[in-house]
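Naming follows writing order (A, B, C and D), and every chain is counted from residue 1.
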Amino acid sequence: MTNKMKFLLASCSTVALAAAASADTVRIGITQNNVGIDSYQTTYEQAFIAAAEANPDVEVIVLDAGGDVARQISQVQDLIQQNVDAIIIWPTDGQALVPAVRNAHREGIPVVVTNSNIAEAGMEFIAAFSGPNNIQQGIYSAEMMCEALGGEGQIVQVTGMPGYTTAIERQKGFDDRLAEMCPGVTQLDIQPGDWNRERAQRTMETFLTRFDRIDGVYSGDDNMGVGALNAALAAGRAEGMVFIGATNFAVGYDAMARGEYWGSVYQSPVDDARAALQTALDVLAGEDVPKLNYFDTPKITQENMDQFDRPVF
Amino acid sequence: MLLTRLKAGGPAIAKQGILVAFVVFMIAFSLMSDRFLSADNIMSVFRQSAIIGVMALGVTIVVIGGNLDLSVGSMLSFATVLVVDLHDKIGPELAIPVMVLATLCLGAINGFLIGILRLNSLIVTLGMLSVIQGLVLIYSGGQNVDIADQRGTWFAMFGRGAVFGIATPIIIFGTLAVVFHVIMTTMPFGRHVHAVGGNPTASVFSGIPRSRVVFMTYLISALCVAVAAIILGSRVMGSQNNVGQGYELQVLAAVILGGTSLLGGSGSILRTVLGVLMLAFIQNGLILMGQPYYTQWLVTWAVIIIAVWLDVAAKRGRLFSPIA
Amino acid sequence: MTASREPALRLQGIVKTFPGVRALDGVDFEVMPGEVHALLGENGAGKSTLMKVLAGMYQPDEGQIMIAGHPVQMTTPIEAKAQGVVLIHQELSLVPEMSAAENIYLGELPRKSFGRVDWATLEERANAILKRLKCSFRAEVTVANLSIANQQMVEIARALTVDARVVVFDEPTASLTDAEKVVLFDIINDLKARGVGIVYISHRMDEIFTLSDRITVLRDGAYRGTLTTAVTNEDEVTRLMIGRSLDLSRDEAAPNFGKTMLEVRNLTCPGLFENVSFTVRVGEVVGFYGLVGAGRTEIAEALFGLRKPDSGEIRVDGEAAEITSPRAAIALGISLVPENRKEQGLVLQMNCRDNMTLPQVQALTTGPFVAQGAELAIFDKYRDRLAIKTPSWKQSAAVLSGGNQQKIVIGKWLSMTPRVLIVDEPTRGIDVGSKSEIHQLLRELAAQGYAVIVISSEMPEVLRVSDRIIAMYHGRIMREFDIKDVTEDSLVQAISGISAEAVA
Amino acid sequence: MAYFYQNPVLRWLLRNPIWGFVLIVFIFFSLSSEHFFAARNLQNILVQTSTIGLIALGMTLVMINGNIDLSVGATLALAAAFAVDVQSWAMFATWGNWQILPAVCLALLVGIFMGAINGFIVWKTGVDAFIVTLGAMLGIRGLVFVYTGEQSFYAMNFAYSDFSALSFGPLPVLAVIFLLCVLIVHWLLSRTVHGRNTYAVGGNREAAVNAGIRVGPHMMINFMIIGFLAALSGVLLSTQMGAATPNLGRDYELWVITAVVLGGTKLTGGKGDIIGTLGGVLAIGILRNGMNLMQVPAFYVYVILGSILIAVLFLDKRFNTSTDGGLRL
């Protein structure tokens, strides 16, 4: 037991982020969705911690819900209990966090929602949202797809983990915009890839068997998109197939450079994290912060990719 | 009446509940989708099932030995992240042996706790599931790992290559299945595993080194995971930290579907292969039919229960359990 | 005895078939109030099926059950119990984590409102019953903490919870010491005096002749006749059971002992056995006789590397041996046919051949593969030699009868051609016919030059097979008898500790 | 040493080692985190524990029976979905806050029904409960997705989520419900005929059958109880969220089993009790909460929880078993 305690203490001290507590230090707690599930979230966390360390007046408490809504709710409770100055939440589920956010609101602790937004019902309880506009990203992807196919074709879609907000919003943005803008493009089928490259690859392989003609593939992120691309390459059918993703990953960027991948949406976790922290600080400083703070997530395609740095994840 | 027929005429058929179910499904799917029985599709399903299949071979041996292994999922994440990450750092010719050794170490920990210390395998491997998941994340810092030069490396042959037109994963899976089948049915070690799983006390009374046998089953399981990781890493050319999450249950479902008894002492490698293919074809067939992905869960539910039920019913000679 | 001459229980023409087997074929059986009626038959003769019919666990296909003259239908054990028919099982059917009281009233715990257990009533009643049985423990004790004998008492106490008309005892003495047997027989006589009909099933002839009034014999699921105990004898009963007469005499060809094969000196394992010294010669059968718990099995386990002795020396063929595992023991040429064949001897779902070759499968190889031909040759050899009845080597051991299972285990160890063969309770739970076959086999083995140790709790058995008898009491060797000098009285005294001073 | 065995408190701790562990981590976190030992935090721990805890109560019954239920996480999600969705059914539109009542009732019924299906299959087919519920775990999750159409449901009525904020004196209402269930299930297991039969069925199935206990229906009832408790847990969780998500309760079965095993219930059946299970869930709840407060990084939490599980199993083996009587098996 004593060994375990030492281990506990040791592991805590390695991440001790707290600057010496002083009177004007603000304490901000963050509970993230699922660090480690993909590089985006991990890079986000690192960027967030780095940004906080750079600011001597900020002390942060970094928690991770591991993708479990219930655990995230209890983490919000724990943060309220510790009486932090502000809470940043990356919701595991936009709906389910509303009461927790409402509780924080009642306790007078401002809440900033990051990355994926809380449901409509919770908007009145949050101080601000900071992050990408996932619906808009879906729309961007639909527009790129439409443009790449010239308004005609048959496509398939590989979505993220079923039931998660980001996956749902991107799909919704894409589906609605595509139907509206490009009635000539038909979606053959939609199946999940669980944010997992290998599973996306398997899904795509089945699509390839099932459909003789696939002109385009939209994937919920580049990680899955590259999985789909791998499947098409292996089947020798990648030629002429349009691959559109979202959240440009390094692998997607490289594939784009090779001309195999058509386009994606550029979304930097570093920007995301910095924006979240800054929004929280602005709120605490009493500034007038708008409710919705979307940071820019531009389209990235083979043509304009040299304007962007290769993603670090 | 089914009941009497089960006992009298058709034990040969009834005992092959999985085979019957398999054939029924193949026929049903091929009627509903003309793509289903195409050579391309069958090859693609075989290739897809190789990763789970290779893992299921090892787990079958563990289960015949009377234990469970729930840690294979996170072990797969561990091994894949390791081999992909090391690929660019020390080259594939070193990355593979290092990864295999590291994975075997995890298997040895399982084997030590369960075989030597005799702790309950369900709980130990449940604990290891969590521990290993943590280790992966600590190792990678939570970042995805990728192989930079995806085209140039010979590492690609394991997941993407083909020999005589047959994809390498299928060849690896098939070879291992045959090898393990031969080991389990014709070699002393296989006999020992059956004995230890069937009656650990009696096997000690027969001079069988029970601890060592159980230990070995976990090493084999880890080895299978390592092989699966090579296929997976080479196929994807990258890895996420949770890539194997949930595989342990899919693997176990395949093993159960193959008729291996969770009580230990009986089971067959070849029937596990059938179980793996069955699950893969269900998944594939339903997608081909345009069903939403979650129908496969519902179908799997029914198939597992019916297949195992037939198996159990054939063994006891009556359809329904005699308990009041 | 009661005045009524109506049988307490009467079965007429009971037929019970299972798919492919006619387990009971028109069996008649009756027990009068105040009578002990023994039921005999070889394993597989249909006794257990008949018992299950009696206890309401099986429904007969044909035939009638009458209790006190009235036909009844019993579809569950509870109904049977309500009719006053109680079965005391051979294998303990207790729940270890529950109290004795709860076990006694299992399935019919007294209730209060909301399904609560009425503990006060429960414990009061249970303690009253235990008192009647002269038990020294309270009903509140958890069964897991009781000795085997006391657990058996709990089992018997169950029968007394109802106003039983008929109590069925199925091999009740299998795990009892002699002193405990006396208590049990008192109880049976007590029940008898109160007009309860007793059905008594046992393989032990002596008990049956001590206790019973009548004996009914079953063979192959059919009724073979009823004998009055007072006017019959063991031979007649045996003949009825196995359809032929048994030769119980031993061949008196002068034994020819060779060199000392096993020598044990001052072997000690605290709490189990102490300062045990003995020798076994080639061609000799040494019988270890004693009560359950006297330390005999533990010595065998130590010799077989399953138990680490604290001190002492073991020599095999004159050489000091360090036996740390069964493998080491096997390498030294020691074989152990264990006490409990189902738990220790066999892998039940494995086929007969594989079971038989299990200890040597690693050596029976061509290249890396098991030499299945050689295996089969071994199996065939011992199947013929031991007259094992099985349709095929592929048969799983689970479906064989107890006697054939035991022969598989014996064959397994004989095929190792051991230098020392230890056989622990070679005929436990085996019917008379197979029993004598096994006894004969043990004699033959000795004659062929094996050094044999037989551990047994049955006096006739040790007397029949041994050349020397070692009597044990509380972990110590009390006395060693040459078979020529032994008397039953001196044996009984030695294992009860009476002659302790005399020897020491 | 003699004192050690005579002191009733220590003797009790020796029989329930998990409570010793709970005590140790409790003291440890109280000393090492200023926020841990505070009324609010202790309330939080109780509320956080209640989700896993309610299911663990049912799992204790099922595991004492010698069975296991892997489908509880999915059942929880299905019940939560019903509880939230039914409120918005048109037929209850005019009921005001009372619309919550039929929703909750229906959700609980769904849980009982799912348990009944599992129990019935185990009873009639004789297939191992592990396999039956492994299948059901996939299948019921499939039903959740069919029912929800992959979307999250949310409760329009804030009264629903306000419920979880209520408290009786110092105790939050969720904690009260949990503790009440602890008492009831403890009473059920230790005082009622059904509870005692639970030990009989798990401890010696044959004996139970011979004693006339109807083992099949008995096991089915316990599966229905765990179904009910999983559903209740789902309903309470959904009141905390005012919503239900299709992925709710994933992996909960593993945590529940972990807690129950930590509490001393044997996987082989026949042994275990609610006091131990309560200790098991509190141990996990306190560890999670304490590590949150101390900011142990998520990656290390996995390693620590897994190691503790194995360590407790090891210690239990060391101190509590000597069944082989010294044989070197």
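The working rule: a contact is a pair of C-beta atoms (placed from the backbone, for glycine too) under 8 Å apart; a residue touches a chain by one contact, two chains touch by 3 or more.
These figures come from a predicted structure and were not determined experimentally.
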item	value
Identity of the chain that, by mean CA position, is farthest from chain B	C
Selected interface, A-D versus B-C, where C-beta contact pairs are more numerous	A-D
Centre distance in Å when chain A and chain C are each reduced to the mean of their C-alpha atoms	70
Distance between the centres, which are taken as Cα means, of chain D and chain C, whole angstrom	44
Whole-Å gap separating chain A and chain D, where each centre is the average of the chain's CA atoms	32
Shared-contact residues (touching 2 or more other chains) in chain B	137, 142, 201, 204, 294, 324
For chain A, residues that touch 2 or more chains besides their own	35-36, 162
Residue numbers of chain C (touch at least two other chains)	76, 306, 325
Pairwise chain contacts, counting only pairs that touch as defined	A-B, A-D, B-C, B-D, C-D
Parts of chain C lying in touch with chain D, wherever the complex brings them together	55, 57, 76-78, 81, 87, 89, 93-98, 102-103, 106-109, 111, 114-117, 301, 305-308, 325
Chain A partner contacts - residues on chain B that touch it in the complex	33, 35, 38, 40-41, 44, 47-48, 51, 137, 140-144, 146, 160, 232, 235-238, 240-243, 284, 287-288, 290, 293-294
Touch list for chain A against partner chain D, complex	1, 4-5, 7-9, 11-12, 15-17, 35-36, 61-64, 66-71, 73-75, 77-78, 81-82, 93-100, 102-103, 119, 121, 161-165, 168
Chain A residues within the chain B interface of the complex	35-39, 41-43, 45-46, 162, 189, 191-192, 195-198, 201-203, 205-210, 223, 226-227, 230, 234, 249-251, 313
Chain B-touching residues of chain D, taken from the complex the two chains share	121, 123-128, 130-132, 134-143, 145-146, 209, 214-216, 254, 257-258, 261, 267, 298-307, 309-310, 313-314, 317, 328-329
